[in-house]
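In what follows, chain A forms one complex with chain B and a second complex with chain C.
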Partner chain A sequence: MTNKTNSPQQVEQGEPGKLDRRTAVKAGVLAAIGLGTGALFRGLTSVAGAGEPAAPPAAGKADGTPDPAVGELVRADVGGYRGKDGAERVAVASTCMQCIAACGIIGYRENGHIAKIEGNPHCPNNRGMVCAKSQAGLNQVYDPDRLLHPLVRVGKRGEGKWKRLSMDKALDLVAFGGTIAGGEVEGLKSIYESGPETFMFHYGRSRIKNAQNHFQKTAFGSGTQGNHTSICETAKWLGNEVTMGKHYDVNDVAHSKYVLIFGANILEAHTGHSYIAQRLIEAKAAGAKIVTFDVRLSNTAAKTSEWVPILPGTDLAVILAMTNIVLNEQPYGRPLYDETFINKWTNVTVDQLRKHYARYTPEWAETESGIPAETIRRIGLEYGASKPATIVTYRGFVGHYNGAQAEWAAKTLDAVAGNFNVKGGTNVKFGGKSKDAYNDIVAKENKSATRKAKKLKIADGDNLHLPTHHSCQWIYEMIADGSHGRPNLYMTYVYNGAYTTGDCERNREILCNQEYFPFVVAVDVAMSESAECADLILPDATYLERWAIESAASFAMFPFLQIRQPVAPPLGEAMDMQDIFIQLAQRIGGDMAVLHPYGTAEEYIQASIELQAADNAKRNKTFYTSETKPLQTDAWAYFKKYGVLLQATGPIYHAQEKKLKDTDVAGKVVDDKTGVIWDPHKAHVSDEDVQTKGYTGSKKAYTGYVGQMVDGVAYKGFKPDKINKSGLFEIHSEFMKAGADKVMADIKGFLNPDEGWVAQHLAEGLPSWVPVPEHRKRTTDQLIMISFKVNVQIHSRSQNCKWLQEIYHNNPAWINPVTARRLLGADIKEGDLIRVRVDMVELPWRKGKGVTQARDITARIHLTEGVHPDVIAVSYHCGHWAYGRYASGRQVATELSGAGADAEQIWWQQRRAAAKDPKQWSEITGVHPNWIIPNIPARVSGQFRSNDTVVSVSRVS
Partner chain B sequence: MSLTRRQFLKGSGVVGAAAVAATLPGCTGTTDTNTPGQGPRYGMVIDLRRCFGCHACSVACKAEQDVPLGYFKSWVMVSEKGRYPHARRDFVPVLCNHCDQPPCVEVCPSQATKQRKDGIVTQDDDLCIGCKYCVQACPYGVKYSDPRTKTAQKCDFCLHRVEQGILPACVNTCNARARIFGDLNDPDSAISRLIAGNPVQTLRPAMGTDPRVYYIGLDQDAYAPIQRAFSLSDQPGTQGE
Partner chain C sequence: MVATALRLLASIFQREADRPLLEYIKAHRQELLTSFGLDPLEGLDGYDLDEAVDALAAEYCRIFVGPVGHLPPVESVVLGEGRFWGPSTETVVNFYVTRGISLPEGSGLLPDHLSVELDCLAILEERGHHQDAKAFAGEHPLRWLTDLIAHVKARATSAFYPAFIEAAQGLLTARYGG
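And now, the complex of A and B:
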């Protein structure tokens, strides 16, 4: 490492004038690097010392094997280094939060300023590498339009007139109420005393769930929450929960021989983007075949072995047909299905499945999906014959009316083919677990001060079947409707509902209505579209200025914890939300103060880790270092220095096969009907209910799940979450079957005359075909609009990052040239303006209630061979009408934001004006597709149907 | 900067491993960079079989090198070809080639642009007179004039990091591990082994610049006229400079 870089003599020859400084720099840093931090997971086997040969530049495999990028030099690490001008850069290990992947990062601070971000080589997930979004994270901190002080409204709601006030006064206003723009608002103290459930907390990717639940539910007594899950993945999570139990699956692609991707953009935007992308490339280099079904040529599709374009909403048909092939065809004289797994771990037989799936031939699937039967058969056979294989799905797959059914079918196919919980297959998520000081110390020690939370029932839509993760895009309609109550104080946190859900015009209208929302408090880093509609804005700390214990889904296949800690203290009066909770609790006083004994968020996080360390000691367990050695030193100090604490030392597969110990099952109950071993006491289920209702019939019985009896043996099984399913992998699902009537009511008017079988198939409780109803009425002049994400942006909260906006700031609509010429004229050309229109959505089950109006946007056209001819694809990220200068061209006055000036020339905005109407195309920011996507949820899961909208296109003259 | 189509889209070259070996430092005798045994000669391989165009390199470079808006020292070119449904997309990251015959060094009247013995072509702000000859002379368009300092700027393989034993910023963050940086004069280095074991190409070999950034799997067409995947006309570098 040292001898090979530059001898002083060479430096002298190359840069005579700079010898002294550079030599000095080098000496200083060598000392700093020599910290002995050779982490297993950064693949340092190839980091040779001086004279030691580097590892062969073969494709790296997963953890700990050769890393072709690293030769004689090392990755940036926790030892710090010196920047280009020689200034010292101090390392702070933390966790990224640009996207949900939560990669381990190291922030480098130079003279108090965050100067650089690198991946943390100690993190088992991302192993020292991060994406463009993460690299641009410091833009979040130094955005010239960042809000650094509280703002209170002085004009009408949404009018954009503000006045600065101190954090102290702003917190008083939230706690005690007062006068805003001439009107009185009620504060938290009064709500706490009179009707706590009217305090609503609406959070996006908050990553402080324990603290927020403690403050709002346990201490305050309100369970009225909104989240954001249904925008992306509620349907996926439900499909997982009804089959494998937990909501999140991990595709162990690094070890797969065959990867089938459906509507998941791994190489640009997956929930584990950076680290699943790394592993997919490793699999590719090792010779795995990767096939991507997508309506457009995403970078993922472009980089995989085969792109198969598919009509939106028909992935389910292809999966059903492939399952049929795996069940019936034996090209090598042996079954492609795994009878052992099916018999032992599922609740169906091969014969039962064969009978049900017989109808789903590749020829039938061709009529739905447009993909040739031969292609479906070939890929089905390849998938079935290649073990291990895995199916990766995401929003492109589930953002449809039939998303939950599709996920259920995909999980079933992986299970039938024997790819579940195996190396290289699809696995139930592993995440690190930590004790929580609020929940496990404070609430326990002060039980009498805690409350049982009450809530307004507005998060689950109306008449949905099983929205286990709620239906956030429908909450504003529920509040406008008013029949389930309205919040007196509505607080948003990392949530920009006006922009992120569909039918934005309606969102804005409802949110600005003072009758619906008497007091709106937005905690935000930027003047977001939602913050614009607030009464009071509190300045949030960016993720580089906050505390948390993170536990990402582990693609290293074992659990570990990550720290989020401030790389630098919050700027201005910005404050960590967890500190805001403490401040508010102290103002409300009484039991609220008793339940918030920590002075700062840092104290609370430290107490949590120390409690976990003490619990480890009690159970004869330990944390491990990033080199998988038992941790011998202080856990908190190690965590702060290296950013991670490992909770196992190697990959865990076949998790369901773990046999329970006698001590695990002693005193527990075995449910006759399901074979579930459970603890009714833990689930707060009475003895009487155990006798009369049993496990499946008792409310929240799954919270007492212990294990599953299989052939007389007690196993860990597939642990349920959210619903009372058994510990088997449930292919036959009573939960999905129970929704069949609602689905049939929705789709029956859209079925073809020869589809009488659909109702009966749905009633069998096995994965079945469900068409997207509106698509059946689509004319040849209409297209299906889908939205997508790109590699340098997150959905809605990275557009204040100048380095990302510079690369991607507007979003022309992708249309196939053949389609464009047919619908828009032979002379249509790249960049022409078009109008995209959705007609009034009037579905039979929605008549007269919450009907989405006819709406349109204008866009520029991008003619590309990389999109299905029946599709118009418009990306997210763009079309902001607020969020600061980089996002929309709209600045926040310096006297309001308090942020420093930024002299950077925004070249892509020069000599260009923002559109007056945000529904119109703007060169500065493009246009947001959500203006014309209805919010009406998918009936079974509550999913936002981002990829189902039928539109017409025309030219703008 | 330099990323105008005019400058960039002039085609590329593909040469076999054997041809590269013939032009390795020390063989041409026209430059004074280290030959094997004299010390390191730094270079980079970009393995396009792995690169998925994520732009982590582009942004990492902006941060590490303090590059203003509108300019890049490292960029990913994106191109599409083929008819539906056989369309494909290619990614070609570009940066300074640290040529063994660097035209920018040749034309610099003030010795601000120089080549070190280890091959790294550097730029000295204190000596630069802002004439922009080098910006014009670079056949790859990877130099620019900084609007703040009015001096020429370029990639220096993150020399300050290399001196500290740390990977250049773009290499450090490359999720595909497609960028391999190291000593071409050391036959045991990762980069030398990779070059020995694979056909490699360089950009525009006909220019006679002897680039020391090599590509594996370069499609000549991918360095040709571009229809960018997601931006119409307003690419960085088309404004001003």
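And now, the complex of A and C:
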């Protein structure tokens, strides 16, 4: 071990405080240079008159509570906190962003740094509780490999040679272009003037959508934008949009008597993770039955009442069969379906449904899913009889070719059983609403400065049916193809697209190609496998250092707002992306500057809240405190202090039943065909189109939706989003029906001879069976590879967190021991090394594109009966090489190994070398399954099919 | 004189060298060689000044900034605490606080960055608080400079940063060691 205390050299000793000769010479030479340069570093401030060592500052009040500054919580607000070693510790309410759940947090700042994170007890969602990931948020801020300064490439793209730039110079480079590594790049100002659509903004979990849309679309005029939704839930959102209108559903599990979970690991990784998890446990304690259909015994499955292993991609078959049961069986002498809801709020009749679903018997579903018919019947009956009940679905359920159809079917089952928009059932999302200061003030008062955004058509894949949330994993292929144009400036924001989607090798090949991407700017907190391909990297402020208004889906069942505010100022030159937008707009000047009048992100966020408060006053509404009392004080001050602003005082159910006032419908149009009340003017639809095309046929008519006529009464209904559906709960979907031909073209070659009925069913526009094509060609020695998340990691943005990596840093492949012995030999044992090889079936719609070059990975085997025998399960999270020391397991300074007490405990000390090839297993960092998952989108939704890959396994000799 | 010297070293490690700095170093090259036995411009003779500035910017990044294989010149990281703002940072901050020295909030600087610690020593020198400076140097920069030097030497492709990090250690040892 290295001795950390250097041995002082023998020096000539002089009188204390006086310079000895040798020191004087050394210092004199350096001083001469320093005085000459004239720009010496001064970072510290020396208080005049100070000097002698002083006593430490007082710890605050006698109880250890410091006096709070404005906007800071006090002991009574947060249940107590302590100073450490006499240091002042202040509490700042904010919002977590380790995962998408956005829990309310309290960040404790001590001596200028963040010392601890706890849950905010005032937040209605998480009620003071947070998970391990949230508490490890400190690691994001203090990651020693974090990007603190802009970096510009000085070598070839991807070569890893950089130099630091000041933030000013870096922003100039983005705005005005210039020379990078000997080549010229075009800046935003030039693009703004010549072809704004060639500025592409591609974001990961940004949570600043208003500001980014204002900058890029409204002000700059580019709609060329990519997101990351199809990695997670594009198919789910489409299934929701065609039925209930909005894209996000909330399962009110706290009040459910029966919870059916399909492919959703909600105790570990749900989009509402910590707060749906605590409510599920409360429901279980209150006697609810919870059944989990999953290919894997996740911690969720283990904690629920019953785990039903299911073959990947066949959940749809089980749900169709359960719907059949609910429609037809009456075990207690009464229907299990809700005829009132069906007749009033859907666009079908019970008879129509019975006829369509008759084919989907439990016995048929058994042949597809492998689940015994009796189990399907029993659970279907239990679900139908236990009201209220709810069906929870997520990525394990929708990350398939048939994901959108499955979600459509799940929503239908909830609706048929009378479990929709009811207490304890499945509800349309409630989220808080805030005015957006850019939209409300700036754009409206400066309309002439705004632009109608143009875009390159590269985000929606190639010949997909309804990619309402795009197909992000296919964007690089679209850019390589070039038929729809290429971006001149590609800016990523906290998006590691080359590694978080499939075909990683192909992604990097495209992203590093300067012909495809002339100028790549990455804005991120830390280096990534994608940022390696950038020309310029800007350091982003972490979520604990920046501003936003959050409106997470409310599992409290009423709307509220949350603040995200800096717990501490950004380190280094890191900058809030919203401030970067302001800085860039000011550089571009003209209308861009006019449309960005706020000096900082904080000013913009404050203006938004103050506008909402003013709007409340105008409408005779109010914010409420966390104790559900009308807010009597300044909204901004309360928001900063407590972190939340409530917009209702209690749960809201039956939201669609809200009757509209006469003033709501005055001057609006009722569409004859659908009964939709709408405002064509708001939707920018001409009178002629209103007459000739009507609501459903007019472009983006849904943006003018007001309500729905039902039996002569105007209701709020199920408000549409993204498509022109009615305000009914549409079980029959013309939108899904319209994609039937494309689906049939894909799957017809994979159907059995006796499955001619599949085409007919699809054409009926009701939820129908669609098999995953590749799975039909699977042989008995092939497995289906699925991926999953664990409770201490986020998909791809937590591996720089030391505390989390210490807990979970490699990811053995789960295989059932019976399967392992059959395919790999009777002597296969836990921990043996295996090769997982993708066996790509030729799919008719692939047309030779998206064929990954990396065809296999290696992994350690984990033998467990907690996985379906036809499955190999490999988690996400692992296998990074460019994401800092913790994610990559690479020592930055070998001479420091074992240096500090903490360093000795780091997992990689035992085995020093990280893998050289990230496709191969590493004990330190595992391996990522994305290398061999094809990016081919699901045809209907554009979903990344993370759970469809057919593979073979073999031993590594 | 010592304070100015410390601030020069702080400037060198705070960010990459600029043209004026290189010009002055060039002018004092022989004196540096005589005083420290170090030639920071060794290996840069083939470059003109602008090229040297560019080369040193890449070198600074490679050694201290990253994004890969670097080691920030920050006490908590070099001491193996595995993070910015580790326990040693808190000790440093407490020292500043008790001496009426502060890091302006929002400056983005880390209190235990080598530059800031050298700046602290400069302030103490200006105050004439030699014993205080000696205590701080012994408990902080002199505890970790050797390891930083090893890293700098391992990563450097020119003599510039190894020379100045050794000069820093030489000056601090001469002034505060023993």
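Keep this in mind: the second predicted complex is superposed on the first by the 847 of 957 C-alpha atoms of A that agree within 3 Å, B and C clash if a C-alpha of one lies under 4 Å from a C-alpha of the other, contacts with A are read in each partner's own complex, and residues count from 1 in each chain.
Just so it is clear, a residue touches a chain if its C-beta (ideal position, glycine included) is under 8 Å from a C-beta of that chain, and two chains touch if they have at least 3 such contacts.
Treat the numbers as computed from the prediction; the structure is a model and nothing was measured.
Trainee: If you stack the two complexes on chain A, which partner ends up touching A:K802: first (chain B), second (chain C), both, or neither?
Mentor: both
Trainee: Could you look at A:G160 and tell me whether it touches chain B, chain C, both or neither (first, second, both, neither)?
Mentor: A:G160 sits against chain C, while chain B stays out of touch.
Trainee: Now for A:Y142: first (chain B), second (chain C), both, or neither, which partner does it touch?
Mentor: second
Trainee: A:D503 in the overlay: touching chain B, chain C, both, or neither? Say first, second, both or neither.
Mentor: Once the two structures are laid over each other on A, A:D503 reaches no partner at all.
Trainee: So in the superposed three-chain picture, is A:L267 touching just chain B, just chain C, both, or none of them (first/second/both/neither)?
Mentor: Touch partner of A:L267: chain B, not chain C.
Trainee: Can you give me the overlap between the chain B contact set and the chain C contact set on chain A?
Mentor: 2, 4-6, 10-11, 13, 17, 22, 25-26, 29-30, 33, 46, 53-57, 802, 906
Trainee: Which residues, counting only chain A, touch chain B once they are in their complex?
Mentor: Touching chain B from chain A are residues 1-2, 4-7, 10-11, 13-15, 17, 22, 25-26, 29-30, 33, 46, 53-57, 59-60, 67-76, 81-84, 86, 115-119, 128-132, 134-136, 138, 267-268, 274, 277-278, 281, 284-285, 297, 299-300, 302-303, 307-309, 790-792, 802-804, 806-812, 816, 818, 830-831, 860, 862, 864-867, 869, 875, 904-908, 910, 923.
Trainee: Given the complex with chain A, which residues does chain B contribute to the contact?
Mentor: Result: residues 34, 39-40, 47, 49-50, 52-56, 58-60, 62-66, 68-70, 80, 82-85, 87-91, 114, 116-118, 120, 122, 124, 126, 147, 160-167, 169, 171-183, 186, 188-191, 193-194, 197, 227, 229-234, 236, 239-240 of chain B touch chain A.
Trainee: What part of chain C is in contact with chain A in the complex they form?
Mentor: Going by the criterion above, the answer is residues 1-2, 4-5, 7-11, 14-16, 18, 20-21, 24-25, 27-28, 31-32, 34-36, 54, 57-58, 60-62, 65-72, 74, 76-86, 89-90, 93-94, 96-111, 113, 115-116, 118-120, 123, 126-132, 134, 138, 142-147, 150-151, 154, 167, 169-171, 173-175, 177-178.
Trainee: Taking the touch rule as given, give the residues of chain A at its contact with chain C in the complex, in rising order.
Mentor: That would be residues 2, 4-6, 8-13, 16-17, 19-20, 22-47, 49-51, 53-57, 85, 87, 111-114, 139, 141-149, 151, 154, 160-164, 526-527, 531, 537, 569-574, 802, 882, 884, 890, 892-896, 898-903, 906 of chain A.
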